[in-house]
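First chain written, first letter: the chains are A, B, C, D and E, and each begins at residue 1.
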Amino acid sequence: MHQRSQPSYTASVHPAIVCVDLQTAYLPSLRRSALQGVTCTIQPGEFVAVLGLNGAGKSTWLQSLLGLVPIQSGSAHVHYTPIQAATIPQIRREIGILFQGGGLVPQLTALDNVLCGRLGQRSSWQTLFGFDSRDRAQASQLLHQFGLRDSAHQITRRLSGGQRQRVAIARLLMQSPSILLLDEPTAGLDVLATRHVMELLAQLNHQGMTIISVLHDLAIAQTYARRALIFEAGRILYDGDCHNLAVHFKTAEQVER
Amino acid sequence: STQPPTSSNPVAATQGQTASANSLNQLRVVFPSRSGATEVQTKANAIAALLSTELKMPVIAVIGDDTAAVEALKAEQAEVAFLSSRSALKAEQLAGSRLYLAEVRPDYSGGHTYRSVFVVRNDSPLQSKDDAKQNLEQLRGKKIAFTSPTSGSGFIFPVGDLVKQGLVENRDRVKEFFGEVTYGNNYAGALQAVLKGQAEVAAVSEYALKAPYITPAESQQLRILHAISGVPAHGVAIDDRVPADLRGRVMSALQKLNEPANNALLKDLYNSTELVSIDHTRHLAPMQNALKQAGMEP
Amino acid sequence: MKDVRVKFRWIVSKSKLFMILAALVLVYGWALQGLKINGTLLQKSVPHMIDFIYRLFPPDLSVTDVAIRALIETVQMSLWGTTIGAVLSVPIAVLSAQNLTPDWLRWSATLLQNAVRTVPSIVLGLFFVSATGLGATAGTLALSIYTIGYLAKFYQEAIEAVDPESIKALQVGGASWSQVAQYGILPQVLPLGLGYTLYMFEYNIRSASVLGVVGAGGIGFELVNYIRGFEYSKATTMMLLLLLVVTSIDFLSSHLRHQLEKL
Amino acid sequence: MKDVRVKFRWIVSKSKLFMILAALVLVYGWALQGLKINGTLLQKSVPHMIDFIYRLFPPDLSVTDVAIRALIETVQMSLWGTTIGAVLSVPIAVLSAQNLTPDWLRWSATLLQNAVRTVPSIVLGLFFVSATGLGATAGTLALSIYTIGYLAKFYQEAIEAVDPESIKALQVGGASWSQVAQYGILPQVLPLGLGYTLYMFEYNIRSASVLGVVGAGGIGFELVNYIRGFEYSKATTMMLLLLLVVTSIDFLSSHLRHQLEKL
Amino acid sequence: MHQRSQPSYTASVHPAIVCVDLQTAYLPSLRRSALQGVTCTIQPGEFVAVLGLNGAGKSTWLQSLLGLVPIQSGSAHVHYTPIQAATIPQIRREIGILFQGGGLVPQLTALDNVLCGRLGQRSSWQTLFGFDSRDRAQASQLLHQFGLRDSAHQITRRLSGGQRQRVAIARLLMQSPSILLLDEPTAGLDVLATRHVMELLAQLNHQGMTIISVLHDLAIAQTYARRALIFEAGRILYDGDCHNLAVHFKTAEQVER
């Protein structure tokens, strides 16, 4: 369905992500750090659902893996590369992230936003006068798959909430990363689009891509993910398979209240 | 700068030689936009046209303020300039240009020199004294309106006199002698300040005491407290790149403006009626002296 | 325990506010005594003020052709001056923007900006007279440098106001610095930047101080000279023409930005 | 069928682009011939340009105390002038903002803004001289009106850049016009508005054209007069002091805005 | 739980909302109008779920009821008051709306944002120097109920996505309207917060408030709402009870693809 240009990522033998006692800076407003000791190992090709209440630190964790949130103590490795200022460009080439809210450029068209996903693989000179027709064709095709063919030349600001979310996911796929981090990819999507996106993720995962997705819907998590991490106040409370998630979540709720 | 006047800096000197060797194929005359002069470009173009026919070479009229005129002479971007006496001294120092003609106006008491005056209201308690020092001494602590810090009669000469009498150290310390110092921006502004009682004394030139600067009725309310004579009139400077023969032709062409047929051109522009030939050094000596006393460069 | 802490914080914040207020009153008071304002004078001067305005009217329309010729001259200089200045402002603005450039580089760009702003127009004018002589060329060049002092600052403000999320997303996607600028910042900055540029174009048309020095003429220069020459009613004609120009450019600007946003 | 339409649209948009480009080239060409630029001249004038800069140095530090006194004077005038101007600008800006005010009212506010911008500083200065005589009071008042011409425009830009969603939410919640302004717009505009105001404060400190006219003196005026009086090295001292002031205010501005945003 | 200051809205005998063949302006990008003929009647005290695919026109419909999207043809009445320029202020006093995305002022604290919900009931003079302590107490209590006590004095921009959504709902409740329109109120909320918000809405509905909420989760719609409207391309495709929603939705999907 989606032609991958670099299908090499299944060959890796290192764990995709290793975090050991990861902590972020103290936040006066929280009177604790957003992450206060996250330890976990994620193997290549896994499909992990990240669950937890609002403010548990899920987004912060994903961002820390890309060097967007400074690490205070502990360590994090991506494919055995430690996350440090010097290695961040390299790591960003391997990881794609979907931000909560999308992070689209509101003044560009849907197509241009999707094409922006290619910037990392093209030099500044190559993109000075726009993208080549192969890239454009691929971006169009992605939008088509997401049911946005007619909106391709619309300014992103004008799209409905769900349409914008799909544009953001399409942009992410243009990057063809080997690890995908997604922060609530189905927020604002209708039932159909939700199913569509999750099945797409499942398919990419099947082809070997490592997928880590924040989700709020336990049913969806159980259907698509094989492993769940439940966050609670900056720590991992549960790390295991996706059976009986509701039960594990209940204990999280009890801890909270 | 401590360099002797005529040889400015080495760059200008060498370039001056090469340029004069090439002989000039056009003449650029700067007409500064003096306060009160309007539509200068149009009027200047008319004079340039006259000069062009007289000299049988292209003459271009360019406008700029006094400082810019000096910079243009220095940068070999102009050959002739109408200049104030202050600027003429600087032009000599920087560009080797000299003043050859001075402007005469009927309201100048000395023909091509005029007086700088301290003016008070008729009802002012200040009275003229015979001794210059005593006369100026009464101004201590008073509110004064100068014309502008670059005006010859409205600032440089008055300050020079104050320094000469030992009342003021130099132009930067004027505020320490007077109670309050303001600048009228032009003659009218300074006189209005006295008329409205916002200043007790104004320093202007003698010819400012009538229209268009003030009305005759206003003029009735003012009197001169102290006068300094010998302020050199503005004139025409010619750069040393202009060879002597051409210079002579330029001077006589300019003096064609004195003839009745062309006199209106001159009068329209700067209100002067005649251009008389003068000696640069002698004409500007009083200004040179006043500048030195006021503590301004050269 | 908690309540005490809250109360304490409240007191601290209130007393801080009070101190800031007191400091403000002191500073303004200090400035006021320096101005030596004479209140009684203001009252009896109303007739003078009315008289001043009265003397501006009616406009002397006989100089309309002079005004239009001067205007055309200025438009030509302003067009080139503003364009050159705007082009030079872009890199300076980018290098001064907090959300794009590392601190050490930013400081030097900011210093350059401040230096340009510090140099008064008369010095710029004289500098270019020594380069190209008196006239329109010097005027245009002086305008273009003068323009940098403004536009670099305004462009910087616009760049710093860009949505940080969208920039972050591109950076994380591996886009290079110039790609982020081209695809992330430019589209967001364009409407505001265009507005500022047209504003500067208009400002340069009005500007008398820069062009007057180098004798480049123009409408602002003629206007000031009419005032200096006590020909107020001719000056009024100039002002009316300028008002027309300013209003048209303002209209054009808001129309263009509207178009850009609707694109 | 569809493809033809797309192709057609592509051709239309390309030819539109081409026409715009051609128009631009024509306009710039027209402006260029008006400037009568002489290219060969620029080359041999490099030594003159260097010489001009050379003559600005070394600064004559003997006038440092004069400079500082002049600076203090100007700061006092600028403080009051900018403040009064800023206060008067707020309502005008609000009434000119597209996202707040109905069109008919907006046009009159915009016209007022344009009119204020059109009046040159010399006319403002003379008007206030006729009101309060020469000196600092007239200078302060002239500055405050001059300030409106800028700040009203900049405030308007800032207001128009506010997130429309948040304003819509308040309006729909039944908030009155002034409540929307106070609770919806003010918090969003404050950092940018503060930056512009401090920029204007700095501009007014540098301003020579307004204060010179009314004889109010100040550092910009002294600076210009030193240049006019050919005392370049004294002028350099003034410029260095001004650079210090400009840089400090710039620093203060970015610090304050940082604080505001962190609040 | 939530003290209502005006419990009079149950007394109304008029239908809460009547729309007859409501159409909005033609959109060139869609090549049709966003709403192309919406007809429905909603009685006071109903709890209606609005469902439909992305871009179906759900948000546009809600906004048109507040006069935010101009009505091209057809008519809409709120409590028998026609929606017209002159009546919009009155209508806005009766309807509260939660925008997709929240529409909070990002620079204000959570508490201040909630207090802004009161602006409509206070004159400009009353709020010139802030709100009175009764309002402040009520806003604090709402934040407390939503588990945001510790974040009350945080700048809204700093809150996590779910926290922001809860602040927006709290602000809405400060308005005490008689009709509530909600555009995806549970987007980005965790399981707990979702349940919390939906139960709160159910309780308000129980007290007589009319509630119309866009939802994407059919299970949630079935649990809480008594009636569903399914939108499709700017029209109402299904209007009826909430049984077998999935079946009705299937037909919607078939129409779409």
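Quick notes on this one:
The working rule: a contact is a pair of C-beta atoms (placed from the backbone, for glycine too) under 8 Å apart; a residue touches a chain by one contact, two chains touch by 3 or more.
Chain labels with UniProt names: A, E = Phosphonate ABC transporter ATP-binding protein; C, D = Phosphonate ABC transporter, permease protein PhnE.
Quick caveat, the model's predicted, so the values are computed rather than measured.
Between chain A and chain E, the least number of touching-chain steps is 1. The set of chains touching chain D and also touching chain E is empty. Sorting all chain pairs by how many C-beta pairs they have in contact places C-D at the top. Distance between chain A and chain C, defined via averaged C-alpha coordinates, is recorded as 44 Å. Separating the centre of chain C from that of chain D, both taken as means of CA atoms, is a distance of 3 Å.
The distance from the centre of chain B to the centre of chain D, with each centre set as the mean of the Cα atoms, comes to 35 Å.
Multi-chain contact residues of chain C (touching two or more other chains): 41, 122, 126, 130-133, 135, 228. Multi-chain contact residues of chain E (touching two or more other chains): 101.
The multi-chain contact residues of chain B, meaning those touching 2 or more other chains, are 65, 67, 71, 74-75, 77, 198. Pairwise chain contacts present here: A-C, A-E, B-C, B-D, C-D, D-E [touch as defined]. Of all residues in chain E, only 66, 68, 89, 92-93, 96-97, 99, 101-108, 112, 116-117, 119-124, 127-128, 155, 168, 171, 175 touch chain D in the complex they form. Within the complex formed with chain A, the residues of chain C that make contact are 163, 165-166, 168-179, 182-184, 187-188, 190, 261, 263.
Those residues of chain C that touch chain D in the complex are listed here as 27-28, 30-32, 34-38, 41-42, 45-46, 48-49, 51-53, 56, 72-73, 75-77, 79-80, 83, 98, 110-111, 114-115, 117-120, 122-123, 126-127, 130-133, 135-137, 140, 153, 157, 161, 192, 195-196, 199, 202, 206, 208-209, 220, 223-224, 227-228, 235, 239, 242-243, 246-247, 250, 254. If you check the complex, the residues on chain A that touch chain E are 29-31, 52-56, 59, 100-101, 150-151, 154, 158-163, 166, 184, 187-194, 216-219, 249, 253, 256.
Put simply, chain B touches chain D in their complex at residues 1, 9, 11-12, 15, 65-67, 70-71, 74-77, 86-87, 90, 145, 148-150, 172, 175, 180-185, 189, 192-193, 196, 198-199, 296-297.
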